[in-house]
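Every chain is named by a letter (A, B, C and D) in the order it is written, and numbering of its residues begins at 1.
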Amino acid sequence: MHHYSPLERVLRGVALTAIVIFFMFPIFWIVLMSLQTNETILRSPPSMVFEPTFSNYAAIIAGRLDSNVASMGIEFMNNLMNSIILSVGSVTVALILGVPAAYAFARHKFRGSEDIAFTLLSFRFAPPLLVLLPLTMYFQQIGLADTYLGLIWVYQLICLPLILWIVRGYFEDIPQDIEHAYRIAGHSWFATFRKIALPLAGPGIAAAALLAFIFAWNNFIFALVLASADKQPVTVGALAFVTASGIQYGQIAAAVVLSITPTLALALYAQRYLVEGLSLGAVKG
Amino acid sequence: MYEKEKDLVNAYMRGQMSRRSLLRSLSALGVTAASASVLVNAAATQALAADFDWKKHNGKSIKLLLNKHPYTDAMIANLDNFKQLTGMEVSYDIFPEDVYFDKVTAALSSGSSEYDAFMTGAYMTWTYGPAGWIVDHNEWINDTSKTNPNYNWSDMLEGVRKSCAWNGKPGGELGSADAKQWCIPWGYEQNNLAFNASMLEKAQASLPTNLDELIETAAKLQAGNDGVYGIGVRGSRSWATIHPGFLSAYANLGEHDLNVSDDGKLSAAMNTAGSKDFHAKWVKMIQESGAADWSTHTWYQVGTDLGAGKSAMIYDADILGYFMNGGDNAMAGQLAYAPFAASGNGAPTPNIWIWSLAMSKFSKDLDATWYFMQWASGPEHGLFGATKMDFVNPVRSSVWEDAGFRDRLANSYPGYVEMHDVSAPGASIKFTAQPLFFDLTTEWAATLQKMVANEVPVDEGLDQLATSVDRQLKEAGLG
Amino acid sequence: MANDTAVRVAPARFRIPSKLFPYLLSLPALLVCIGILIPFFTAVWFSLQRYRLSQPWNRGMNWGENYLNFLTDPSFWNTLQVSLVYAALTVGLELLLGLGIALLLQKRTRFNNFISIMLLLPLMTAPALAALMFKLMTNPNFGILSYFAQVLGFENMRWGSDPSTALLTVVLVDIWVYTPFIMILLLAGLRSLPTQPFEAAALDGVPRLQQFWRITLPMLLPYILTASLFRLLDSIQQFDIIYAMTQGGPGDRLMVFQVEAYLNFFQSTNVGRSAALLLILWAITFFLSNLFIKNWLRLRERARGEA
Amino acid sequence: MSYLTLAGVNKIYGKVVHAVKDLDLSIDKGEIIALLGSSGCGKTSTLRMIAGFESVTGGSISLDGKQIDTLPPAKRGVAMAFEGYSLYPPLTIYENIAFALKGSRLASSDVDKRVREVAHLVEIEDILDRYPSSVSGGQQQRVSLARALIRDADLHLLDEPMGQLEPQLRALLRGRVKHFIQERGLTAILVTHDQTEANALADRIAVMEDGELQQFDTPRALKNRPANLFTGTFIGEPPMNVFPAQTRLQDDRVHFLLEDDVALDFDRASFSDAVVERLDRGTEVTIGIRPDAVNLDSNGKPAKVFVNQWLGDQTHIAAEFAGGSIVSVEHQRLALTEGEIIGITIAAQDLHIFESSGGRAISHGGQLNER
């Protein structure tokens, strides 16, 4: 039972309102901008009264963009597709590689396991450019330049440690007795992993995959350095878009909205896993 | 092409028909003026084919790395003609300018053979050339077996042509006898004034004829027009802030970026009394009459503000003012142009930016690539771009002499042709060619930002800059 | 049927010794990461060279010279300072704000849960895109924040383009994006605290502030430590927001490590300096991440021990 | 007027679980009372409502003449020792105890004096500098107790305060704590499921079951005059023997017919007139006899021994009797073997009679139950 004095209640209300406005307003405003023409955007003072138009979205989706300096085909939808390919690809690879490894680290305290786990984890914390800049040179030589594969590989720097980290913690929380019981019943080691450990760690794997997807989607620096025009994701594409479109602010806003919508939708849809993943990932393991 | 049109065009090509009557006849056949000139151009390139084996590399394909630019648009609009002429295939990647040069660096430094040729500026070749990423194009220009006899290299404006050639020695004079032609000029930009004529009138201001007047006029324009700032110049933390109006005025006042000693050593020259005086005035001008968010202004913002009526005048690339006078810009049709010499005496000596084409050393077929190069920088495409697309400023004197081109400019862009003619003789790159160009010039811009923000006094800032520049030159073995 | 005659042979499977299992399982992940180690050592090698792409003839080992040069290089010290100030400011402010919000939302009500989910949305926005959003919002011509500043009497608020407010502006974006991260961690922490000690304190009439400083905060400390170290590591390596917002300007105001290294590599093509800068950043983060992982392992151990 | 009053207090969790039903309870100042019941009987809910951690669904609570059920916990003037100790992990034992006085305005020297005094009381002086996580459960429990006792509260709530202690220490502390409370004239409510503890500490005991107050009385009255069958069987160890019976009044005797045709008969004069009248009305009853009132007598009714257990100071004998079993407590060791037949007699003054439906007490030892 909590008791708040009326004054306290008012203060809390004011504080919460301010917080919600601060964190929600930019998204709200960008959405508003994306529905306006340059004419209404440039009004002074700004006003919320306008006739909404979807022309900005139409222009982006159609891939044709006219500005006062030049008109150009913008491959924005292609960028969006790249983001999907890169994010889904990276998470899939990270799951395939990371979940078994996480299981190994959780269940078998083999020699050097802590060191290996630590090494894998520390990749998460290395400055990305340290690895990326030399990579620009190597990629050419090994033929990975300008391929999805090359980018997905580098994306493992973000996805793999995350998955290892969260999923390992989950596996460690599963009582080993359950697995022992199943093995004693005559099932193979692999069957135990597949039939018992994997399903039980399901929520953890879901949370980790979700987070990895979002981090991959939001990544900027890897693609900025390594991706060519036809492989770059929306984060890089949207930035390029700003300079390319001159002053078509509504279209920039629409591009931003289109770029952040997938992660926002995902976050709202799967928030339970997300919160769990975030708090597990950082604190518990 | 249909037979009737073809006959008409061929008649024109043979000189049996005036251009005007050709267009009339074509339009009677339902061909619009724009596509008519594509036809003409196509016929013109076909005519060239007679003297040169354009089909030599038939079936080969090349890939280009391009910046998002009107020149690119003009080239792409005409690209089918090249494909037809040569039977070659051309593909390309286009990046916006913000990331474009990083992409070029990334591709070249990794030795990527993906791109055969790319767009560049002359400054960039000071890095790419010594690094061994690009070729000396003289090898092809001077080889009659590889170059179309009608290519007419000497038709290129001299100042522009020379600015793209460097002997690779730090501080070496551009266009010297031992210079290597690192890139082929394509289109270029002088830095002069573009102003809003009605705002000038409203503020009862007159065109400035020296630096002090420029500062006064900017202030006057700002005072006389509500909600408008006086002068637009670039201000972002980039080398690009230094090279347009800023360096043009600086050089016109007789100042240099670097000193080159007799034994070829470089040292900073930005902290002379004259330089300090100039910097102080420039800083004052921005503080009084510049954009509020000057320090983030790239050429996009400088142009956009002029076009939208947020600024009254710019001292920047002339083509920027050109573009702002058309399209759906709020101020379209209200802009005018004037040459500017900061010293107040003599002709303007604008620093120039040259969009050029260069072949990558890692290209697998340089000879085939050269076919594209000579076509894209040839007189025919130049004329097509200049008259039918927004390919200003052309780098060939033959195009500048074309009456149609001059008329078109004079009609819609008051003062533009005169401005170009007056300043073209003095137009060239005013920087000292050396491999640390980007480090030093970017640092110069950063220092300018600090001075404008009053973080450091002009004197002190320039002394610090000079110290730092000298240190870096020494470190790189140049000082 | 054809296989009627087929003799059923027990699969003579090759048995992998179970000792090898864990190695086999973690091997692919390890290999993928080790591939990434190669560029790391390349960077170390580069950092020990005089190496500018534009002066290939000048290239050669100069061992520690790149690092030694930093000692007398004001722009290096500026970079270090900006990076540290940026990290300290963002982490500090986000911690305060995140803690405050978490405390406000501590009670498990439907309303609070809804708010905390909504507050997660900025975290789901790519930092580079968030910077873009704020760039639009701070545009002097139509930006809503510029307008608000004007209404509040800051006529000349220039946000990212003024050196005196540039840091503030990018810090604001960072706060917008990452405060929810700290908030959600601390909220999880707060909600996992036992309720009884707080009942006891409430019953004994212990003043709220005393409860907070002496009980809540110390009990939350492991969470706070983890959250701030995690953020510190990311923050000191900031690139996206600053690059998208100002590319390190105005002046050298926002020249943090990674932005400077990026420009050094791509614009100045000074590979040696760029690599040396990044290695120093790596050393800082390595130290911090060691601290972080140790702390995390200790916490995990303790959580297990008590359970 | 009583000091603490619970009037018609109800607690309903989520519209479904009715944890406390119409509880009326009045406690005088200076009294120590115990809430006794098995787990889930509502005693802890009651305590938490008094402390203010749970809201009251219906009814009211007043302390020292003012209604407190709407006040926040801090304003109620109540101190509590928690069942789960609920110590503050970041504070030392000393600070834990002293922390309870943060709400008061005592000088630090006074605080120190009091902490040492109460620490001495519960024998934790030697661990004052340690942290809760490094001391044993029993020690933590004593810290919790000390933290409650140190306060000058109007009411002290002790929730299972000694459950984790070793028996000797528990006995010692019971005495000390009771003395401490009485000496200072404090009022305390003890929640426990341990009768011995309730008996030892409490002036009165409130027996609860299924959310309802069964009986609120002194320990002696609870034992001798249980208000109903539940209290009768709940209080006392081993529990009361109960048998369903039919009564018949015949001539001057009262007959109780048990199963298996076992009949107990008593002189009518052993029962008051009121009891006889009551028994005349309804013939279905339940009779109860405490094990120590079951006498072995070879002339008695036969019963067949199936357990004979010597506990060191008394013997528990269980025997088949009247279709059920009967337990007798004897104070000397008896040489009875399994299967042996013994005789049982019961005195009328040891007989508790309850209604067979509802279990309300009719009489104890021949006298009508007055409540």
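A few notes on this one:
As a working rule, a contact is a pair of C-beta atoms (placed from the backbone, for glycine too) under 8 Å apart; a residue touches a chain by one contact, two chains touch by 3 or more.
Bear in mind that the values here come from a model prediction, so they are computed numbers and not experimental data.
When every pair of chains is scored by its C-beta contact pairs, the maximum goes to A-C. On a Cα centroid basis, the chain most remote from subunit B in this structure is D. Here the spacing of subunit B and subunit C, counted between their Cα centres, is 41 Å.
For the pair subunit B and subunit D, the distance between C-alpha centroids works out to 98 Å. Note: centroid distance subunit A to subunit C, computed from Cα atoms, is 14 Å. Per-chain CA centroids place subunit A at a distance of 61 Å from subunit D. Touching of two or more other chains is recorded for residues 52-53, 72-73 of subunit D.
Multi-chain contact residues of subunit C (touching two or more other chains): 139, 141, 265.
Annotation for subunit B: residues touching 2 or more other chains are 102, 106, 109, 308. Subunit B makes touch with subunit A in their complex at residues 68-70, 73, 93-99, 102-103, 106, 109-112, 114, 298, 300, 303-304, 307-308, 323-324, 327-329. Listed in rising order, the residues of subunit A touching subunit C in the complex are 2, 12, 15-16, 19-20, 22-24, 26-27, 29-30, 33, 41-46, 96-98, 100-101, 103-105, 107-108, 110, 113, 116, 118-135, 137-138, 153-154, 156-157, 160, 164, 169, 172, 189, 214, 217-221, 224-225, 234-236, 238-239, 242, 249, 252-253, 256, 259-260, 263-264, 266-268, 271, 274-275, 278-279, 282-285. Contacts from subunit A toward subunit B in the complex involve residues 42, 68-72, 136-137, 139-141, 145-146, 224-225, 228-230, 236, 239-244, 246-247.
Per the touch definition, subunit C reaches subunit A in the complex via residues 18-19, 21-23, 25-26, 28-30, 32-33, 35-36, 38-40, 42-43, 46, 100-101, 104, 107, 115-130, 132-137, 139, 141-142, 144, 147, 176, 179-181, 184-185, 187-189, 222-223, 226-227, 230, 233, 237, 239-240, 243-244, 257-258, 261-262, 265, 271, 274-275, 278-279, 281-282, 285-286, 288-289, 292-293, 296, 299-300, 303-304. Residues 51-53, 72-76, 78-80, 82, 84-91, 95, 99-104, 133, 147, 151 of subunit D are the ones touching subunit C in the complex.
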